[in-house]
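In what comes next, chain A is part of two complexes: it sits with chain B in the first one and with chain C in the second one.
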Partner chain A sequence: MAVMEFRKFLRDLFEGEHRKRILSSPLTYQLVERALKLARGSFPSQASYMMARFALAQTGRAFSRRVPVVWTSAFFPVEIVWGLNLCPFSPEVAAAFLASLGFAEEALDRAEQAGYSRDLCSFHRLIAGAALLGYLPPPAALVASTHLCDGAPLLFQNLAAFFRVPFHVLDVPYRADRDAEAYVAEQLAELWRALADLAERKPEPAGLAEAIQNSNRFRANLLEVNELRCRVPAPVRGSEMLNYLYLFFAGQGSREAAEVFACLAREIGRGEREGKKEERFRILWLHLKPFYKGELMDFIENKSGAVLAFEEMSHVYWPPLSPGDPFPSLARKVLSHFCYKPLEARTATVKMLAEKYRVDGIVHFSHWGCRQSVGGSLMLKDALQRAGWPVLLLDGDCLDARNEATGGILTRVQAFLEILAERKNFRVGERHDHCRN
Partner chain B sequence: MGHRRQGNPPPVALIRCRQGIPIPTVPTSLKQGLLLFWVKEWGLIQGFEEKRLLGWVCSYTPEEIILTLGLTPCRLSGTDENQAADDYLPANFCPFARACLNEVLGMSGISLAGVVLTTSCQGLLHLYNALGYFSRKREERFFVYLLDLPRWGSVKRAAALQEFASSLRLFTEELRRYFGTEWSNALYLENLARLRQVRFLLRELYRFLREHPGRVRAAGVLELVRAAGRLPKEELIPLLLSAVRCLEGEIPVPSGSRAAGLLEKLRPRKPCAGPRLLLVGSPPPLSYVDLLEELGGAVVGDDFCQGYRYCLPEIEEGPDAFLSLARGYLERVPCPRMLAGQERFVYLSRLVKEWQVQGIIYHALKFCDSSLYEYTLLRDFFSREGIPVLYLETDYRSGGLEQARTRLQAFLEVTG
Partner chain C sequence: MITAGIDVGSLTTEAVLLQDREILAYSIVKTGSRARLAAEQAFEEVLEKAKIKFSDVSFVVATGYGRMGVPFASRQVTEITCHGRGAAFLSPRVRTVIDIGGQDSKVIRLDEQGNVVDFLMNDKCAAGTGRFLEVMAQALELPVTALGEAEREARRAAEISSMCTVFAESEVVSLIAQGVPRAEIIRGLHRAVAARTTALVSRLGLVPEVMMTGGVAKNPGVVSALSEKLGVEIFVPPEPQIVGALGAALLAR
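What follows is the complex of A and B.
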């Protein structure tokens, strides 16, 4: 079975009026696992196969009802949940997955009926709709962090009322001084105990230390991958890396997530990942990408001759954690995010990445409902352009295909590439002739 | 976080309290001269010395601190008279933050020495970025400060209190350094009393509104609360006092006085005897509130941060000023951003009962996550309580008024 067939298999499996039952049945995941094994050979790499297997196993576990499921928001330090051996579930990733199967519309409509405005981030609208439709594993608790995203904690508050389960917040100050660190660390310790109580188990420091070590391995392996990605042509495409969303949002602290990146590093190191020969434009990609089946990513990476050399999401911004001092070090991790600081920090990071990965231009994917990323985009663009970088702000939506006017988007990308081409002293049309596809 | 600038502290006006209704005894010595923007808006204060004005936005910003350090707090409420924000903040972004940026960038003849913002939401975080970006580009010395504000509703309260207190201490320290002013405890206590008086008098006005909803214009009350955050308090207090007394019929309206001007602003345009309404959500364009009354709705109060909630903090004179301020502001009924949904609904349902509210108008600003998420919860909560809720969405401008008219009319009919 090829990957494409595997996706079709998934779509067919979940299609139809019994979706809720099928999605929540543990049997489904045994079946999907078998299908996945059959498709193994056609995955672009062993790493991506490992990732799919891991995400699938965790989803099956979440629906099994054998272990308390803790919903975590995108930037919450999920090591806390792994450290208690509970089952973390990232509804944002689940939303991306449902959209990739083509099931976004039903959930988005359901959310709208429930009063969720179309101006809200579609990740969160989709989660709300999918939760109301019963497509997601019921949580024992929800945990959200307040840095970077206002929507997640607000949505989680609503859903905690809907599921009638506890809702915990990690309140993160903006400044990163010692008081702020202590404040966050104290909350993390509190949360760790509260989640242990929920599972009626004693919180074991050894378990947390192990999760922290796994998280450090994840970090080290990702750093290695990132170093190898300096090679030209790019050994891994940005669109593939953005598919590892699950590892970034829900995997840190697990053994498996660390292994996926170790495997990826090996694959690149052994030369199993060959970059495109004709790498005309190297792009640094900011924010996420569309996860539904649309034309944009295919156009950029397969037809236009451009390659996503690196993406903001994969940048390792945090220092190594300390297994002996878990809460303060996790607090430092949270507080060090470059997007939760004055905008100059994001600008400096983007400039550094643009130089490191020797890109020709920078594309900011302006996901409609994202206040954090979109809010600063005009100033970011201005600052980067002043520093000499060509920048494209590409309006779109990660999950809601209805927000995409495909033609318009592609034309804008095309026009941007032409600018890049001019800068490189050749026209994009010439290149198209010998570009594959 | 701030950009430094040195300067001398401006003179500070004094005020003393009597028992009961507070009365200012020592007015400020205001210089005639500079026409400030509230002159345009209110025609009340004739002139004002070139004080160092510090812009502020969120109702968790303690004006007590700003005043004690010899600065004049100047609350921003935004404008759409220019579109200067377009270069900094995208169109699909909080319209209130954009309007505030327009306001600051469009100010001419007014020397705003800086702006303090809070970490309330991405809207204000990016407003902070935009102001910083603007002042750096212009190479202007401008104080831009971001005050950390914990999510009170969701964390351990003792820790949140300490956290906010340290955040206030840092803010004070930065103001002191930047403006070269000193903290004086005596002055702090005076300002505490002064703000207590302002809030008390505004609450009196609100009491009058709910007891006699047809006799005072709700949008006028909101306008007055907005202005209270920028008018010099020592000017405002006697004015408010006269207005309240005149409304209560204790004294006649002194003709040609400032109080008469203010009462004119508060005069209802049309008697409204329709259903009693509570306004909740984000700050609305005031034309919508006028429209509600024009259609007969009796607005009896609101839950806006630029409205009734501004009048609620109760600050005690504790040994640690910052802890007292932190407690006073955080213990006031929380706003939607605080993630204290249940606590808010209990409070709002108490208001509904005590104020005999028959319907709720929920106003959400486009792209404001705090209100957009709260609305769905609130609607479910009040539908269980049997109180109808009408959802209204605007971009903080008066456009769309005519489309809203039919919906409001229909709602009033159902509710009445």
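What follows is the complex of A and C.
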């Protein structure tokens, strides 16, 4: 069973009027796991297979009701949840998954009917709609961090009221000094104890230390992958890395997430990952990508001769964690995000990555409604252009295909690639089919 | 060597024939519902005007939103690159190209060599495009080509508060009913288009010299409203509608 067929299998499985029953049954995930094993050989790599298996197993676990499920927002330090052996659930990733199967519209419509404005980020709208439709595993608690994504705490608070479960917020100050670190660390310690109550047991420091070690392995393995990705042609495409969203948002602290990147590093190291034969343009990609089945990513990576050499999401920005001092080190991790600082920090990081990965241009995928990533994008573009990088701000939507005009978005990308072509003295406007490989 | 550029836009399709950097002939036809037929028609017309055969043309480049549907083109290049190239050819000092077409508007930044270095494109909304003016002209019972001339008698501009094509149309209808002179309504509409375009230009940054291309550039009312709003002189080439096709013909090698 090929990967595309596997996705079709999932689509067919969840299609129809019994979607809620099928999506929320743990049996479904046992069946899916079997189908996944059959499809194993046709995944582009062992790493991507491992990642799919891990995410599906955890989703099945979340629906099993045997263990308290904790919904965590995208940037929350999920090590805390792994450290208590609870089941973390990332609704943002679930939203991306539903969109990839083509089920976004139903949930988005449901959210709109419930009063969620269309101006909101579609991740949040889709989560709200899917929750109301009963497509997501009921949480025992929700935790959201205030840093970066300012919509998440508000949404989670709403959903906590809907599910009648506790909501915890991690309040992250917009400065990274000692006081801020102590303040965040203290909240994390408190949260850890509060979440332990869900399982009605005493929190074990050893469990947390193990999660911290796993998170450090995740970090080290990702660093190794990132170093190997300096190779030209690019051994891993950015669109594949952006599919590892689950690991970034929900996996840090688990053994499995660390193993996926260890496997990926091995695959690259052994030369099992071949780059594109013709790599005309190397692109640094900022923010996320469309997860629904559209033409944009296929065009960029399969037809245009361009490759996403690296993406902002994969950058390791945080220092190693300390198993003996978990809360302050997790606080440092949270506070060190380069996007949660004055814009100069993001600019400097992007410049560093652009140089390191020897890219020809930078594309900022400006996801509709995401204030944290889009807010400063004009100034970011300006600063990067002044430093000599061609930049494209590409307006689009990661989940809501209705927010995208395919013709217009492809024209923008093509025009941008034409700018890069002129800079490299290529003939402008080739027929693109010859670039397929 | 003779080359051709075909620009298949949403409302009109243009063809330009070029020989040794001299324009031999050009044609403009309505696109209609089938881009391919429009491209063929424009091409046949331009060949006829220049009295040459298809086989005399060495290369054809297609551009515009319908560029993929031109089977006889050897390459496709986006309208952004083509407008930039065409504008730089017509006036090498141009750094900002404002192109307002039938259904979208673009602002293009050129460097000293005439290469495109940045651009912005609005294709999400008809506000401020040729289509907007066409709908308003219908409400005013005028051909769209007469708007520029009809504005001349205006002593002031009527206030048009909505930029949404649908709402602006009903605003125009109610202004007519209130007895506001047509010329003043038209001036108001031209100012509204200029305001919308200025917002796009400001996002990219205004660098003179400025050239305006596309069908809307033929409307002197819009050009002067825009020039006033931006505070710069705007250069309009003799046939602003063919700049994209001209750029395509220049790139046809």
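Here are some notes:
By our rule, the second predicted complex is superposed on the first by the 430 of 437 C-alpha atoms of A that agree within 3 Å, B and C clash if a C-alpha of one lies under 4 Å from a C-alpha of the other, contacts with A are read in each partner's own complex, and residues count from 1 in each chain.
As a convention for this text, contacts are C-beta pairs under 8 Å (C-beta built on N, C-alpha and C of every residue); 3 or more make two chains touch, one makes a residue touch a chain.
Because the structure is a prediction, the values reported are computed rather than measured.
After superposition onto chain A, the partners chain B and chain C occupy separate space and fit alongside each other. Touch counts on chain A: comparing chain C and chain B, the chain ahead is B. In the overlay built on the shared chain, the residue A:366 is in contact with chain B alone; chain C does not reach it. In the superposed model, A:269 makes contact with neither chain B nor chain C.
Of the two partner chains, chain C is the only one touched by A:385; chain B is not.
In the superposition on chain A, A:134 makes contact with neither chain B nor chain C. Aligning the two complexes via chain A yields an angle of 70° at the C-alpha centre of chain A, spanning the centres of chain B and chain C, rounded to a multiple of 10.
Look at A:158: by the touch rule set out above, it reaches chain B but stays clear of chain C. Residue contacts after overlaying the shared chain place A:343 against chain B, while chain C stays out of touching range. Closest contact between chain B and chain C, by C-alpha atoms in the overlaid model: 5 Å. The contact surfaces that chain B and chain C form on chain A in the two complexes overlap at residues 378. Within the complex, the chain A residues that touch chain C are 378, 385, 390-391, 405, 407-408, 411-412, 414-415, 418-419, 422-423, 427-431.
By the touch rule above, chain B contacts chain A in their complex via residues 1, 87-90, 92-94, 119, 121-123, 125-126, 128-130, 132-133, 146, 148, 150-151, 154-156, 159-160, 162-163, 166-167, 170, 336-337, 339, 341, 364, 366-367, 369-370, 372-377, 379, 391, 393. For chain A in complex with chain B, the residues that touch the partner chain are 114-117, 119-120, 146, 149-151, 153-155, 157-158, 161, 167-169, 171, 173-175, 179-180, 183, 186-187, 190, 342-343, 366, 368, 371-372, 374-379, 382-383.
Those residues of chain C that touch chain A in the shared complex are 61, 65, 74-81, 104, 115-119, 121, 123-124, 203, 251, 253.
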